[in-house]
């Protein structure tokens, strides 16, 4: 993730992945609770907590409520999460008492595939379920995070393999087949509010629920974004270009990343 | 009162061919040493149950111990995919692996039901996903008061659950702390249980965040210092993240995996 | 983050006439001071919920605050019956009291369902007893996997839950230990919550056996030292068993009860 | 409870209540787990633990597993129980993880009424449920203790008000209406194995499940026992007379009772 991206802004001193992480972090508001998956979501959530959202409550499915790690955990069960949490609860409790009732404001998910309606696949790609081309890790906490959090933020690199007309397997429901599906299914959370990629930002159209390009990262064109999408990507009328990472954001992000290489503080 | 045993004896007496076996530990306190002993003793046809079949189950699957896997997330945390797991699913190597796939919330509640002596658990889960199409063990259930439809999953009742903990006393009372995951439920859901511990002590001094399993609810305890490595035991060791990263290369090919298994499991002999 | 309030303000803002109110605490940590404040503020028509409506609910019932009681054991622990509770049930004094009666296991699971955002809970309970005949909120449910019949009870979702705890920090994170009963579930099941604490501190030093409720899951916290008396706060006070024994005589007659109420509740004024 | 009983053995230096408590304690075997209600059951269980059953595991519904109180608690939530327990768990957990699955060997119950088939009433006596003559505390943990423990021991003073042909309200099921009823109801525990009174010991007849007088305390006659029973009490062919309390049992019991008066050690 630390090598220079070839399609980001090659002049400014930041990579497309850094831009993506910064843009994701900016989506997290202070004084909210965020259910964090490992990897990019954890990096972005910790960046937010260390910059503009000091009271962001990080919840890890290992049972750590309010973790305040001073380094990036490699797994959702690293000791630093338990050591710095307000409370450590059992895994059944984190799902039953904290996630399921809708107490968590934001669910922060990654994806192996994502479709037009924000449905996510992290299970199998290609072939049959029983004989897949690629067997992925599977669901983990994602289906219920996607169902129960008040809103979902997705962070995922944008390319044709990932942004697909129809996911091969619905691991976590976005807007199903379109408007009204979440309500019909009885899902109580609001679904994906925003998808942050290395190219820009997609948001569901309020009427069609279709993921629509609403913002580009600096230096990225709408054509690049559309070319990296496996369906005919709609572009919002008011398409904007986001702010590049600030020096402060980059400094904190890189310091965080540096802690990940050996799991210890630099 | 739990019996104090050696790891080899514990596995020999409690884990049988064909058993439904749960090795639990959520990143923390994963009973790696016990898993290796199961491999060394050549157990076959196991139904392996685990929320997060990570490296320990990659090893058991690659070693050919498993016939079936019941799980909710099979990856190498923070690193990527499990190559032995993939090879078994995609190419039936070293033998075919049946899957029963759930979400974390579903698996956690299945253990809760098992620990509670109930045949099933109810949750808001799986709705709208493709999981119920492939996992018959996910069914709708109607609230008898509101008429609302929810999801039911059957209880997990492993033949044997194996966990690692920090300490036990001589009566087999087990104490663990830090991230304690689903271990209590997994032990209480099982017909038999084997707990490996960092050390056996005379008295369990209370620790904040502790979970204590009374000795009369545990079948056997084995002292296996470092028995969670490359996972860790909060207060005793730290997670060996390099091992997890290196596992990606070790496990990617069958021959490097087999060489690793020979050297680090078969030749290593029982820890105790 | 929970708001830090005075007891009087907390009760004024969070407990309304007609509310479903749960005061919990299983012998330990019973929020007596908050109960007295509810009496002082003259709340009416409350549906009082509590597993063990002991002396605190005897007082609220005798003071005329309650219209309905949802409970599983109404007695003076180790002493005998509750005379104000009896008088209300047997003679509708000072007003009639509707009852919804459960077992402990049923009530505990009703709180669990409430805390879990589920409409009902499943248990092995009530079977063969006369309780389901008088409590419509107890219904059979069939396991979708085994066909077995079990018992369902609906979730409890109090408008407000009040508990007492040892400590909170300035962000309203609450810490309790010792016998922690069903307090976490009761708070998480409720729409609003008020926690009285022995003291508010800068930092919550971890304690073995602690239950921590994050401040963002609690509505308000009031510092009320001794707010559990004659119940107790482990580490701060011991149970005033004499008070419980003496309550038998105080509460046996309406006039001695009223005199006690005047002197010890109405004239006492808010603790804070 | 400490005054001399008028119908016990008035010569020997022990009361009928003491005999009852000692007889109940003797029913508890070492290395078993016992779910203990407050009052007489707690006294008897602690007597057993302090005499012949040092490894008796006492479980209180307040969540204390393996409590080893050095004084008699007045309530099931006294601090001494938490302080001396192997583990303190939540109330939902004690019922769901420990009682319900049938892990507890013995459930130790009292009763306000008990009938021919060992069914117990602690809810209402007389009148209607809605307008009872006497409103009692209610169920507490008893229905599920009676349902799920491997066996139940009842300790209750024997008189006509209490030992009644038919209980006014079934709070906790014994053998229902007779043989096969527990199985039909799906109750997994074995039901009342023995009822200890201040007069003697009753056990269910293996064929009829009817409570049958099998043992008298020293100095009590079968006529006294039958006269204190609200149905035609069957008497076992091999009716025996139990052993009086030993000096050791009495010494420990009285020391325990002495701790109860002020909740502090003497």
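Going by the order they are written in, the chains are A, B, C and D; count residues from 1 in each one.
We adopt the following convention: a contact is a pair of C-beta atoms (placed from the backbone, for glycine too) under 8 Å apart; a residue touches a chain by one contact, two chains touch by 3 or more.
As the structure is a computational prediction, the values presented were derived from the model and not from experiment.
K.L.:
Applying the document's contact definition, name the chain pair with more C-beta pairs in contact, A-C or C-D.
P.N.:
By number of C-beta pairs in contact, C-D is the larger.
K.L.:
Centre to centre, by mean C-alpha position, how many angstrom separate chain A and chain C?
P.N.:
41
K.L.:
Where the CA atoms of chain A average out and where those of chain D average out, how many Å apart are those spots?
P.N.:
58
K.L.:
Counting only Cα atoms for the centres, state how far chain C is from chain D in Å.
P.N.:
Using C-alpha averages as centres, the distance is 28 Å.
K.L.:
Residues of chain C touching 2+ other chains?
P.N.:
Chain C, residues with two or more chain partners: 112, 117-118, 123-124, 148, 184-185, 209.
K.L.:
Mind pulling the chain D residues that touch 2 or more other chains?
P.N.:
Residues 96, 100, 148, 188 of chain D each touch two or more of the other chains.
K.L.:
What topology does the chain touch graph have (line, ring, star, complete, other)?
P.N.:
Graph shape, chains as nodes and touching pairs as edges: none of the named types, so other.
K.L.:
Provide the full list of chain pairs in touch.
P.N.:
A-B, A-C, B-C, B-D, C-D
K.L.:
Going by the contact rule at the top, pick out the chain A residues touching chain B in the complex.
P.N.:
38-39, 61-64, 73-79, 81-82, 88, 90-92, 95-96, 99-100, 123, 129-144, 147-148, 169-173, 176, 181-182, 185-188, 262-263
K.L.:
What residues on chain B touch chain A, complex-wise?
P.N.:
Residues in contact with chain A: 26-28, 51-52, 71-75, 77-79, 81-82, 85-86, 89-90, 101-105, 108-109, 111-112, 123-131, 134, 148-149, 178-182, 184-185, 209, 211, 232, 234, 238-239, 241-242, 244.
K.L.:
If you look only at chain C, which of its residues touch chain A in the complex?
P.N.:
Touch list, chain C to chain A: 1, 112, 115-118, 173, 184-185, 188, 212-214, 216-217.
K.L.:
Please give the residue numbers of chain A that touch chain C in the complex, ascending.
P.N.:
Contact set of chain A toward chain C: 31, 33, 55, 57, 65-66, 86-87, 96-97, 100-103, 148.
K.L.:
Which bits of chain C are touching chain B when the two form their complex?
P.N.:
Its residues touching chain B are 117-124, 137, 139-141, 143-146, 148, 150, 152, 154, 206-210.
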